[in-house]
Amino acid sequence: MNKIYANAREAIAGIESGMTLMLGGFGLCGIPENSIAALADTDINNLTCISNNAGVDDFGLGLLLQSRQIRKMIASYVGENAEFERQMLSGELEVDLIPQGSLAERCRAGGAGIPAFFTPAGFGTEVAEGKEVREFNGKPHILESALTADFAIVKAWKGDKHGNLIYKGTARNFNPVMAMAGKITIAEVEELVEPGELDPNFVHTPGVFVQRIFQGAKFEKRIEQRTVRERT
Amino acid sequence: MNKIYANAREAIAGIESGMTLMLGGFGLCGIPENSIAALADTDINNLTCISNNAGVDDFGLGLLLQSRQIRKMIASYVGENAEFERQMLSGELEVDLIPQGSLAERCRAGGAGIPAFFTPAGFGTEVAEGKEVREFNGKPHILESALTADFAIVKAWKGDKHGNLIYKGTARNFNPVMAMAGKITIAEVEELVEPGELDPNFVHTPGVFVQRIFQGAKFEKRIEQRTVRERT
Amino acid sequence: MLNRDQIAQRIAQEVQDGWYVNLGIGIPTLVANYVRDDISVEFQSENGILGMGPFPFDGEEDADLINAGKQTITALPGAAIFDSATSFAMIRGRHIQLTVLGAMEVAQNGDIANWKIPGKLVKGMGGAMDLVASADNIIVAMNHTNRKGDSKILEQCTLPLTGVGCVKKVVTNMAVLEVLGDGFRLLERAPGVSVEDIQKATAGRLVVKGDIPEIIL
Amino acid sequence: MLNRDQIAQRIAQEVQDGWYVNLGIGIPTLVANYVRDDISVEFQSENGILGMGPFPFDGEEDADLINAGKQTITALPGAAIFDSATSFAMIRGRHIQLTVLGAMEVAQNGDIANWKIPGKLVKGMGGAMDLVASADNIIVAMNHTNRKGDSKILEQCTLPLTGVGCVKKVVTNMAVLEVLGDGFRLLERAPGVSVEDIQKATAGRLVVKGDIPEIIL
């Protein structure tokens, strides 16, 4: 059983137009940039992408928005992505905006075989429309359903051939929960190491959740808001 | 804000008769043995204890069963604990047996502000009695509710004054989810280290979930089934 | 009138020893700069860090270490990193003692709107809906009026809501207000701003009782 | 008749390359000893380890490294440790390809009972209810009859259930059976055991078609 793939192009084989993808990352931090670039090089379109953000205009998922490969975005934040906002307001892009915590928990639920759960987030707002409301401990909650994807694509710091992953810093974010929720999960890593190099006690994503793994050719790791303080 | 306590006796201050406790561990592996011993030294009784097992006759929670300090056990496995089974069959002890995965998820839910979730585990069995059943993807699921506790007591390998914890091996088990679900969470650790000694990237339980921490005086770490192979 | 930093400075006075605090994007982020250094407070950022430190020195930025505003940050000794589900477990599970966030509108029943202007602007709710639905202690940091001069302190929100009946306190460039449910109680006024000025800039019901002290920074 | 190890050995033949496998307490644990070594299989133990290795050498036992049967174990290179919630996320989320467990009774509709005899014995369900409710591929390993000689292969379970309609295959000391829903199809018989012997020891409906080969180990 070989999980190791040579590169992004080979690792994304089998992704087809119309499929649902999950993509890890928060802003541009911890996004599977090699896989996204490889997808941008294909004719695959009509994708539903589940990702907290949609990159920026010219990097990350923004690339797939530019090339109109995405039919629907499921995200929590549009933020400063002008093209995302434009396509959304013009109706070119279908968008399902959901609270960030519900997004994370719905992905985890999808991976954990929990079809639905109650959360207080979004009660009394547009998010609750059409959803079951129930009171627990005197407080209204709404029923949210699990999210899964045909392919989940995550980015990790290190990984081994078993698919075990560790992440670095806040580049972890949505990656572990999305890794759980893909029918097929692709992990791109900065460094592919030998089994035994990752301490089992500190593996973030156990290999059982990962079907394909490859070492990314190049990581630009662009910074969205470079903020520094003066040396005094 | 000081989270550090001198010993088990001081750390368990405030636990009163009639309260609900969660205790980490699987079998005798990763149990908060110092805290349990300290509880056995008190007159506190009428406790509801949530723990996967109840120790063995003369160690772990078995001590509190012997001394009749437990009114009710919420657990998944009685196994080879003769006194537990005897008290249960005779009706001296109230017992709520629940599937191990539901137990873990219900604790996590309690800590995560999820009041209820659907799971397939237990459908069609005694466990489902009185619970709501709903079909998802053609498969029946039952609604399970969150568990919380007045005090959660966990055992970790190392911890710091912020309450950050790391566990060792399979002594992790229920400890992280129970740490999340206590109104007050007490962590007993083998080694209390200085802030900065634990790599933030590999902290298992972030300190926000832990209110009290102490270095255990002595860890017996008894082995329930010593199983070895021959050297060849 | 208070500037952005002064609003943050006033909010920092609310922070207590031992608290875990989530700061939203914008003015709220500045609050960290003004917390007394004789108390121990930990800042949580919902993208997955507890124990957030100051911005890095020039040249020491790490693309893998950012806050929820996507700004490069540092981690303090004793910090912890976690995934998004665990982060919102902290938030939804009420392990965070204070949430500070910005708003487009706040209503006197505690409703808040801050993520969308139909047909015009969509920022998305990010983590705000989870935060306001679960936090016991929510302070809104914003200007009293919008760029057109209209009050953002309302009887009822007009924009799509982020959360209902959740805001406890509002600190603006003009005043500190307590949300009463059927009005805003004026607690303090910015230096040089009169009660009448605040009354004029407030569309919701303003409750003024006794002398209103100036904000002391 | 097969002994415990032989039952395990037969079940090991079902294991395929790349599978993640959960083995229950008792006979199932022994399956790991008989899996072909030219395929790569990882064993999951629900107390929180993937990549479980053999028992440790004498003197190398670690109290902090046990399996679900509380036996001391080792971890192989490439193993991973996790908490109980994550462990059952794997199980409930159907990331495990095969579950092998023991039983007190199995019925021809796939029901299984293995945790309680009312008034007499309570083991508890442990992780079994989660496993059988979610696993796509469940094999039961047990003796064909109980100590009193009564069949454990039934038309209907009489004991409190662990799961409904979930068992796919049963390997006993006498036979390999496929669960059909309305009966058990006899696939193989233990060396020296006749179809008649199996018929006599089976209380559920036994479906025998054509020649029944002997189990080959």
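Odds and ends about this structure:
Per-chain numbering from 1; labels A, B, C and D assigned in written order.
FYI, a residue touches a chain if its C-beta (ideal position, glycine included) is under 8 Å from a C-beta of that chain, and two chains touch if they have at least 3 such contacts.
Just so you know, these numbers come straight off a predicted model, no measurement behind them.
Interface comparison, B-C versus B-D: the pair with the greater number of contacting C-beta pairs is B-D. The geometric centre of chain B is 36 Å away from that of chain C, both derived from CA atoms. Mean C-alpha position of chain A lies 32 Å from that of chain B.
Spacing of chain B relative to chain D, judged by their CA centroids, is 28 angstrom.
Distance from the chain C centre to the chain D centre is 55 Å, each centre being the mean of its Cα atoms. Residue positions 49, 75, 81-82, 85, 88, 91-92, 134 of chain C are each in touch with at least two other chains. Among the residues of chain A, those touching two or more other chains are numbered 105, 108, 112-114, 119-120, 168-169, 201.
Which chains touch which is summed up as A-B, A-C, A-D, B-C, B-D. Here chain B touches chain A in the complex through residues 105, 109, 112-120, 134, 136-137, 141, 145, 166-169, 201-202, going by the rule given at the top.
The residues of chain C lying in touch with chain B in their complex are 17-18, 20, 39-40, 42, 44, 49-51, 75, 77-82, 85-86, 88-96, 134.
In the complex of the two chains, the chain C residues touching chain A come out as 45-49, 54-73, 75, 81-85, 87-88, 91-92, 111, 115, 119-130, 133-134, 160-165. Contacts from chain A toward chain D in the complex involve residues 1, 108, 110-114, 160-162, 164, 180, 194-196, 198, 200-201, 203, 206-209. By the touch criterion stated above, chain A contacts chain C in their complex at residues 26-30, 52, 75-79, 85, 88-89, 95, 97-105, 107-108, 119-127, 157, 168-177, 204, 221-231.
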